[in-house]
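Shared between the two complexes below is chain A, which pairs with chain B and chain C, respectively.
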Partner chain A sequence: MNYGELNQWFLREQQWALLLILAAPLAGALFSYCTISLGPRRQMLAGWIAVCAAFVSFAVSVCFWLFLDWSAEGGAANSGVFLFPWIAAGGLHLDAALKLDSLSLTMILTVTGVGTLIHLYAIGYMAHDHSKPRFFSYFNLFLFFMLLLVLADNLGLMFVGWEGVGLCSYLLIGFWHQQMPNARAGQKAFVVNRIGDAGFLLGMFLLAAEVGSLDFDAVQDQIAYLNPWAIEAACMLLLLGAVGKSAQIPLFVWLPDAMAGPTPVSALIHAATMVTAGVYMIVRLSPLYNAAPAVQFIILALGSLTALLAASIALVQYDIKKVLAYSTVSQLGYMFMALGAGAYSYAMFHLVTHAFFKGLLFMAAGAVITGCRHEQDMRRFGGLWSPMWGTFIAYLAGTYAIAGLPLGSGAYSKEAILWAVYTAPDTAAGLTLFNLVSWGGLFWGIGLAVAFLTACYMTRSLVLTFFGSYRGEGEASESSATMLVAMAVLIPPAMFFGHSRGIPLLESLRPWARQDLLLSQSELMRDDLYRALEHIALFAAGAGVVLMLLAYSIGRGFMMRLGNCIPERINPLCCKWWVDELYEYLIVRPLAFTARVLFFAVDRKLIDRSIDLSAEIAGASGQMLGLLHTGRIGHYLLIMLAGLFFGAAFWLVF
Partner chain B sequence: MPFDIDLAGSLLTVLVGLPLAGALIVFLMPQSRENAAQWVAVSFSLAELCLGVLLLVRFQAYLPGYQFTQHIDWMPELGIAYRVGVDGLSVLLIVLTSLLSALVVIAAPSVREKRGAYLGCLLFLEAGMVGVFCALDLVLFYVFWEAMLIPMYLLIGIWGGERRVYAALKFVLFTAIGSLLMLAAIIYLGYRYEQQFGMPSFYLSDWSALQLGLREEVLLFGAFALAFAIKIPVVPLHSWLPDAHVEAPAGGSVILAGVLLKMGLYGLIRFCVPVFPEACAGAGPLFVVLGVIGIVFGALVAWVQDDVKKLVAYSSISHLGFCVLGFGVFNVWGLKGAMLQMLNHGISTGALFFLVGVLYDRAHSRRIADFGGLAQKMPLFAFVFLSVSLSSIALPLTNGFVGEFLILFGAYRFQPYAAVAAVSGVVLGAVYMLSAYRRLMFGDFMAPNGAQIHDLNRREKIVFVPLLALVLVIGVYPQPVLDLLRLPAQQTISQLSTEGRNPPEVNILGDEERIIEKGRN
Partner chain C sequence: MTVTAFSLAVGLVLFLLGALGVLVRRNVLIVLMCLELMLNGANLSFVALAQAFGDLAGQVFVFFILAIAAAEAAVGLAIVLCVFRNYRTVDVNEAASLHG
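Entry: the complex of A and B
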């Protein structure tokens, strides 16, 4: 069979291929769980089953990429498959139907590609764990739900994936559930996400009521006929869902805690894929969001504030995974900034590059953690570059990319976003801040500050972990081969992906993106403003790196004094701006108090007691009446006479 | 009237009679032959389940009206007859009843004392419940309704916990107060029918023709609705439920939550809507408010429970709040969702009470604080508990989601703020269910002294397999069930809308839906 025939054959069978993308991880989840009946040594099979399943999905996705014509003018190829009607009631119909277009293809390539590598990595990471079948089963199940989320052709089915990945996240954060904090973190993630999901549900109801359907195509066709307020409201409600899933203000608090899960989980779910689902959802609904300028402005503001807040907290964290977690929140903030600026393709671009370099960084961090006997405190690392140079190279590459240094993938996507934000039209009624700076300029300034901070905290973590002298106990050792291979494969894309400044696949997003967005490299390079902003951003990143290198080499004493001058207890950065405490005292405790009042005061005392009381009154009055029945004729006669007397008196008087 | 003995005609009668016969046999068996009684009960309940499935298979979902009807004169001079028949909703509830009863009977060996009598009560109860779901004559309905009370009273009062007598009495008094008012209303309606048509009748379909004054209608509706609201239970009338659940044996709780709580809503849909359409339509907003109160109240109170059985009991109040809400909005989504959620709640809460029973069996404690880390010693138990909890908090691809989604959408169409208020139940559900799960299953292993902690045994596995299968099947492919519920829901709406409260979009959309589906096929 030559290439042409293969191509034809694939096109004919593409519906089955699309199903296979979903079916492989689902089957993998089932089969890898089945290995639980094997002996502890043979349970390693679970990992390989899971890797194979993920790889099958990846391979089929690549086939779709190769064999379908994605460059077609005026609407690239797409593929779809209708499975069965899922919920149909009174005109509302949600179908189990899949849809593959250039946007979802970009996403599944990223998810399955990075996913396969992290599965491979997990084989090494979980080598000494006793619950491998459970772990890999959850891991594959996550992949299934994530792909379902991406491939769904309507919001309802997307919600299935949306909640499904939330479930897997819950299960995997609390994977080592003997430790109560892990279980608590998982629960927190689920509940906080559920708050967002409630908004998602209401948004779906609004759209279903206004449009009559939740199919993405139908929604898009109907936009012109919808009430402007309905669009704004639907976008706002769905945004609540995205804010929960993608850990933005005000619902970001679950993500740092989610680091309680095994590191492959943090890499795949809480960095590369699941947390970007909110971004993906908004891009998927970009025609709708384009018609909601007020919500776009809110997204821009939320994204930039989140990016700044999280980057500032990352600066003082000592737990290496917490640094990366806050960094993820911050980078997601960048993606939201792009969404708010209407630059959906840039958001997707950053999503992809972030998946690569943050996946890589987490894998390297995990390798450090296992190499140092499950130590996560960077104060106990140091000088690790020589015992684990492979890991060091991976972490270095990731840091280079995320910091936005020249020619790194992060630089391209970040600069594109900053440019889009700077040139964003003043969405909120043309307001400018004190007539001095446009909103675009203000948010660009925040974005620039975040770029600087990103370079700072990443360099700090790199220096504390790999340079200087080793401060931990025992010997640090390099990780197993599978982990190193997985990292090595991811280094090139993390470093260099994005030299074309954008993903050709995303050209198809153009009709809904801002018309002035530039997508190709040549266009961008001709733009003077872009080049100016690019240089400023590169300078900010370089300044951050140099500053931190200086600070941790010659300025060590100064850093110590700086750290000591504000006690940790009142340092807003160390206390994470007291957001958790705010929720604890404003929401959780009042709610728990209300629940107690409802139970003890209303339910037990008021309702139940009054019912018991009425029963007691009935009983008591029965007893009182019973007292009359003494059984003596004399008493009865007396009562009868009294009755006659009073009756006669009554009759006489009235 | 000649007896028309064909299978279709008397299937319902067989369904009522079979467990009754089983109950008689089991009662008559000597006390010492407990194992034999067990076998008899199991075979009777399985036969009943098979007949229930047969009913489901033979039922024509696309035909309007009642099917498998049978009419035997009982007291002709009073217009009282033995009339039975089913529509889609009753078929589903009958299958649910026979399934849960069979599972409870299978799980009965965990009952240590007087097992024969226990089984007899269960079978007797099953006959009453099936009777309630297929009776079309109001007097017959009342007979079954009251007949159910006796075995339930005994189940709580004899095989219950420490405060069983108090709980049993409370349960019976609450129900009796409501049902006596209902009886008065039934008699009054029969009397009115004779006044208007010259002959007495208690047949439901006859009563739709009754002409009632508004004041009369509201009062009569109130009497019916009170009886049903106590049974549901709607929030201020719920306080019998936690006590009854906590004291009842595990099997009793399963039946109580799984089937008996459905009867209130079933009664509202089956009897109140056709007979009192105006009053029902007027009371819709009241039901919406009560439903939302139930959702939030039940969820919050469930959160602070220390007794896991009480937690499940209050979660039932929250879930039934969803059903009441779906009923009160009176559109096709809300009604379908409410009907489906009745079935779902039977499955998931039934399973939860089974699980609590498993735990109590092993440790003789229901205090959440007594346990911890059970997932280490009982992985299968933890898995089943998780799956059922997820169904209870309505995760997509479990049955709970489909029902809740439709109810919330119906509520949104009725009044967006109602949906906003009710959607808080989605969050709170996750809060109380997952925190209970965490405290029981995670952390360091802990169990009361003397507890025999081991994973599910074979009998328990048999119980949970069908329940879990239903959770998944209805969650993934709910369409067959929704098809069964389409006509009942539409019929309810058309009954309401004859009184001028016409939501025209419903019918149009209903047609559109059929067209779309035809196009697909």
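Entry: the complex of A and C
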């Protein structure tokens, strides 16, 4: 069969192929769980089943990318499959239907591609764990729900995937649930996400009531006829969902705690894929958000604030995974800035590059952690470049990319976002800040500061982990082959994706871009403003790297004094700006207090007591009436005769 | 005192004696016999009034009651037998396990 025939055959069978993308990880989840009946040694089979399932999805996704014509105008769905009518309630009809266009294709290629590598990595990482079937089953199930979320063609089905990934996230954060902190972290993630999901649901209800349908296409068609107020409200509510899932202010607190899960989980779910679901959802609904400028402004503000806050906290963390977690929150803030600026294609661009380099960084961090006997404190690392040079190269590449140094993939996507934010139309009715600087300029400034901070904290973690002398105990050793292979495969895309594939990606996402966005290489290079901003951002990133290298080589004593001059207890950075404490005192404690009051006053005293009382009344009356029941026939007969007598007397008299 | 009034009076006395026996006696067999006494008191009233009014229905009723009384005696004696087997006594007050 030659290439043309293969192409034809694939196009004929594309509906089945689309189903296969979803079915493979689901089947993988089932089969890998079945290995629980095998002996402990053979349970490693679960990992390979999971990897194969993820790879099948990835291969089919690549076939879609190769064989379908993605140059079609208008971003219409290139492929889709109708499964079955799902909900028909009154005027609302929801179908279980899938939709594949260039946006979802970008997403499934990223999810399945990075996902396959991280599955492979997990085989090495979980090699000594005793519940491999459970782990890989959850992992594959996560992949299934994520793909369902991405491929859904209406909000309802997307919500199924949305909740499914939330569930898998909860299960995997608390995977080692025998330790209380891990179980608590899982609960925190779950509860905080529920707050966002409540917003998602309400937004969905509002759209269902206003539009009468939840199909993305139908919503898009109806925008012109909708009440502007309803659009803003629906966008705001859905934004709450996105903020919860994508860990933005005010709901970002769960993501750093989510690092309690195994590192492959952090890499796949809490860095590369699930946390970007909020970004994807907003891109999916971008026509709606374009009609809600106030909400766009809020997204821009929230994103930039989150990026700055998280980057500042990442600067002082000592747990290597916490650094990467706050970095993830910060990079998601960049994506939200792009969304707020209407640059949806740039947000997707950064989403993809971030999935590559952050997945790589997490895998390298996990390799360091296993190599140092599950030590996560960077103060006990140091000089690890020589015992684990493979991991070092991976971490170096990831750092290079995320810091935004020239030609790294992070540089391209980050500079594109900064440019889009700078040129964002003044969404809040042309307001300027004190008539001095436009909002776009202000947010660009924040973005630039974040770029500088990103370079700083990533260089700091690199230096603390891999340079200097080893400060831990015992000997550090390199990780297993599967982990190194997975990292090695991810290094080229993390480094060079922005350069080689970024422009075609942006081209294919043109329908989701702001009209004035620059897309082609020549356009970008010809624009003077873009080049000026690009150079400023590169300079900021370079300055951050150089500053930190100097600080941790010749400026060691100064850094020590700087760290000592503010006690950790009152240092806003070390205390994570007291956000957790604020929530603890503002929400958790009052809620727990109210719950306790309700439990003792209402539940115990009122509800339980009234139920007890009714039982006591029934019991007491039974006791009383039981006295009549002597069991002696004579008594019964006497009563009967007396009744007969009085009845007869009554009848005779009246 | 006419025959009718005398018969009714005897019937009433029979009935009340029977009822008293049912209420106060403790031996199940005596209780059953007293029950028959009550039925016969009622029967006597039936025939007396049937004779007084010249209506055959009352007399027919008596035959029914006699037949049913025979059946009742059979069932009742069977129950007495069961009670005796379970309690080793025929004292009605001893068979009082249904008291509250």
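As a working rule, the second predicted complex is superposed on the first by the 584 of 654 C-alpha atoms of A that agree within 3 Å, B and C clash if a C-alpha of one lies under 4 Å from a C-alpha of the other, contacts with A are read in each partner's own complex, and residues count from 1 in each chain.
Basically, a residue touches a chain if its C-beta (ideal position, glycine included) is under 8 Å from a C-beta of that chain, and two chains touch if they have at least 3 such contacts.
Just so it is clear, the model here is predicted, and its values are computed rather than measured.
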Larger contact residue set on chain A - chain B or chain C: B
First, second, both or neither for A:167, with chain B first and chain C second: first
First (chain B), second (chain C), both or neither touched by A:86: first
Touching partner for A:594 - first (chain B), second (chain C), both, neither: first
Which superposed partner A:34 touches (first chain B, second chain C, both, neither): neither
Chain B versus chain C as contact partner of A:26, first or second or both or neither: neither
Which superposed partner A:551 touches (first chain B, second chain C, both, neither): neither
Touching partner for A:198 - first (chain B), second (chain C), both, neither: first
Contacts of A:629 with chain B and chain C, given as first, second, both or neither: second
Doubly contacted residues of chain A, that is, touched by chain B and again by chain C: none
Residue ranges of chain A in contact with chain B within the complex: 82, 84-93, 156, 159-160, 163-164, 167, 170, 174, 177-180, 182-184, 187, 190-191, 194-195, 197-198, 201-202, 205-206, 208-209, 591-592, 594-596, 598-599, 603, 607-608, 611, 615
Residues of chain B that touch chain A when the two form their complex: 170, 173, 236, 238-239, 297, 300-301, 303-305, 331-333, 336-337, 373, 375-376, 390, 395-397, 401-402, 405-406, 408-409, 412-413, 416, 419-420, 423-424, 426-427, 430-431, 434-435, 438, 441-444, 476-479, 482, 486, 489, 505-506, 508-510, 512-513, 516-517, 520
Touch list for chain A against partner chain C, complex: 625-634, 637-638, 641
Complex contacts: residues of chain C adjacent to chain A: 19, 22-24, 31, 92-93, 95-100
